[in-house]
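In what follows, structures are represented as structure tokens.
In what follows, chain A forms one complex with chain B and a second complex with chain C.
Right after this comes the complex of A and B.
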């Protein structure tokens, strides 16, 4: 059992390594993508600086909390897109019948698919996010905890994308819904939760897991709450199990295709 | 380890004597593949043409069931080379995908080396190799060498063992010249050879080849065929081949299964097929001057243009020597006698059986 897990991890790491090697073939594009992603994210933060000059408090957040919010969102999003970029195109893979090569290998189909591509510009997001978290005045212990939340955020984001993408086994054109939900999640994750009330707040905590990706973690980083920490960890585990269960349930309906394809 | 032993035990249980087409094979043969009443149905969306049809499809979606494979049963012996062929849409690829664990069957039973592909996909994957001519498994930006190392990791082979295996296969498949060239820079023939090597890295007992020679030039095709043949001879690897290339079928396989409309329409040995269907000969003659051709039963004039003619002689009706006597030998400038190409035989079987199946389906519905 342990050997099987070790071998699976070895294959996943090799896969990620090869993905990054492929993206780094063109050094200029690689460096430009990473640099511009950092600059792009940085430019948005300037707007927040201007807003906080006008008001001290926005939705219960100060500038420091907004920095943590952005740091967690960018780093979680970045890490998920570096390691598991393919989950964001899962509907296309399912509908076009491109899972065959993973199904004939003696390894986890889901992990094989997840680690089969990388989004190199996400390195910019990750770097930017980690820099913000380091600048968030958390201290060493707080910074280490923020890194734990980057990992839980990455897991929740990835699992959410797998869950939505797996619906393609049952419904066609889920890609649009899936894409909108994920982009919505990321967009909402960059605003303080205090500005949302009523149904929108309910949606952000119970339909789109924004609350678990960033809001709860920011609150824990500002004021530690063990119960909230356990909720986030439990939610990350539960959502991962649910996403994998839905994927494998749907895999029984996989129809493959006779389209020509190449592993690029 | 426990799973492997269990699989081997199960495989041994399937030792039996195969009775096929009246030819009883007395020796006990282990079956590598056993398929019973295998079925697969796809639900396909149907849409009327135009924008109106698109709107209707959203409001009132219509689906239709397509029975891709209909209660197919067959067995493949260990070490056998089987051609599983049929026209496009006949259900070949669907069957091969159910045998390899890619698709879940809707009905029936499949066992490959005693393993159920739907329930024990991973265990089976260690024992089989797959080459899909239209779907590449290799990473195009990596060299074949790096790809083989990746596949070694996938099959849990130690680094030393992988190196040894790469060395052996590179020599046998003559990959030395390009083993360190990125796959995207290789020719199609070189890529296919690498695809085959990647599928053999873990020494599979059964190799599924789905149109492995598609798009290759005749020289490379021949090289791929001889390599597959060599592997079967040396390692007793069972080969399950689907191909539209008659050359692949004729040169590799001793047994042929033809499927059409999701059903098996012929399961026979190549020898038997040729014996039964090659009773027609094609006679091509070039006469010195334009002459009338014989109007005799058993001789059909396929084509006549000027002094050239193409005749089909049914040797079941008239002996070839008698047929030749009907032609004025003194006026013959050149003559060529050949068998009806296997391609034509297969095409006729597709047409004849396809028609029968359509009629059966029609009667069934009526």
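Right after this comes the complex of A and C.
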């Protein structure tokens, strides 16, 4: 059992490694992609400098908390798109019947699909996020904990994308809705939760998992709460299990398009 | 000016109607195609709604006193400003233009398109105009509904000013598309010009769509007025939330200058770029 898991993880890591190596063939394109993504993300800070000129705190957040919010969001989003970029195009694979090449491989279908692509510009997102977290004045222990939240955020984002993408096994045209839900989640994740009240706040914590990806982690980093930490860890595990269960339940309904395709 | 450009513009400099007929046909065919997929476009409403919802909440928080002004804008004006700039952003989908140019150049499809009896860049512009002709009115309708329900009507809005606003919006969208094409044409030299487009997009998004220029320090305002932010984002949205005849003339004049310079640059880059084209067989 342990050997099987070890082998599976090894195959996944190799898959990601070769994805990155393939993208690095053109070094100039690779470097401009990464560098410009960091600059692109960095320009958003202008918005916050302007807003903090108008008010000292926004939704209970100071500039430091906003930096942590952005750091966690960018790093989680980046890590998810480096390791599991394909989950964000899962609906297209399902609807166009392109899962065949993954079904014949002697490894987990879901992990095979997830690790089959890398979004190279996401390296810029990850680096930018980590730089912001390091600049967030957390100390060594706090910084290590923020890295743990980058991993939980990545797991929750990926699982949420798998869950939404798997709906394509039952419904057509989920791709656009799925993409917009993910981008909506990321948009909400970059604004303080204190500006949302009532039903919108409920939705952000219980329907879109924004609360678990960034809001709770930022609160924990500012003021440690063991109960909240366990809640985030438990939620990440539960959502992953639920996403895998929905994917494999849907896979039974999958119909091939008899498309001849080779994976290299 | 290349032979194709000469075809598009007559010797006297006056646009020749017959030469433009092919672009009208391209425009009409894309328009008809997009009308078939209007339901798909409506699926994009969710993203727009999320963005606007966030900004309504944000400005609700920022304006703590009733009747308070920030940079000379009331809360309603500020939210309508963002709604209008975002309406143009979501309703035009100009990044699709850039993506197509990049894909045509990288994939080699440009070799087929450049030999057709039209100028490639004008073909892309005609297609793009056909796309936003369907998208933009849909997003405008949604913006009016969301704005009226969640914020209230635009203060001191006069229906008589609508034609000037429409001209200003159309010019703004066209300038944006021309500049996006200019950036994407850099793919002739570098394999992927997308990173440069990110920076341009972010400049428009962060500085142009989220805040009116008056919110920035005076020195920054003077600088931003020289950038595409002024004719593409600020100008059209400013006229909608705070119309003034003098401001309108000023914005239209800047847009005309930008469009002329942008088109000149676009033709220049294209002419230089196609000389660099190297097509692999296949």
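Note that in this section the second predicted complex is superposed on the first by the 258 of 264 C-alpha atoms of A that agree within 3 Å, B and C clash if a C-alpha of one lies under 4 Å from a C-alpha of the other, contacts with A are read in each partner's own complex, and residues count from 1 in each chain.
Keep in mind that, in the parts below, a residue touches a chain if its C-beta (ideal position, glycine included) is under 8 Å from a C-beta of that chain, and two chains touch if they have at least 3 such contacts.
Quantities reported herein were computed from a predicted structural model and do not represent experimental measurements.
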Worksheet item: Given the superposition on chain A, are chain B and chain C in a clash or a fit?
Response: fit
Worksheet item: Between chain B (first) and chain C (second), which, if any, makes contact with A:237: first, second, both or neither?
Response: neither
Worksheet item: Touching A:151, do we find chain B (first), chain C (second), both, or neither?
Response: neither
Worksheet item: In the superposed arrangement, does A:188 touch chain B (first), chain C (second), both or neither?
Response: second
Practice prompt. Once the structures are superposed on A, label A:177 by its partner contacts, choosing first (chain B), second (chain C), both or neither.
Written response: second
Worksheet item: So, A:245: does it touch chain B (first), chain C (second), both, or neither?
Response: neither
Worksheet entry | Touched partner set for A:46, first chain B, second chain C, both or neither | second
Fill in: Gap in Å between nearest CA atoms once chain C and chain B share a frame through chain A
6
Discussion item. Please report the chain A residues shared by its interface with chain B and its interface with chain C.
Written reply: none
Item to complete: Spell out the residues on chain C that touch chain A in their complex, using ranges where they run on.
Response: 40, 43-44, 46-47, 50-51, 53-54, 57-58, 60-62, 70, 190-192, 194-196, 198-199, 202-203, 206-207, 210-211, 215-216
Practice prompt. Could you pull out which chain A residues touch chain C in their complex?
Written response: 26, 28-29, 32-33, 35-37, 39-40, 43-44, 46-47, 50-51, 54-55, 58-59, 121, 173, 176-177, 180-181, 183-184, 187-188, 191, 194-197, 200
Fill in: chain A partner contacts - residues on chain B that touch it in the complex
42, 45, 93-94, 97, 100-104, 121-123, 125-126, 128, 130, 132, 134-142, 146, 150, 153-156
Worksheet, complete the sentence: chain A residues touching chain B in their complex are 3, 7, 10-11, 14-15, 18, 21-22, 25, 99-101, 103-107, 172, 252-256, 258-264
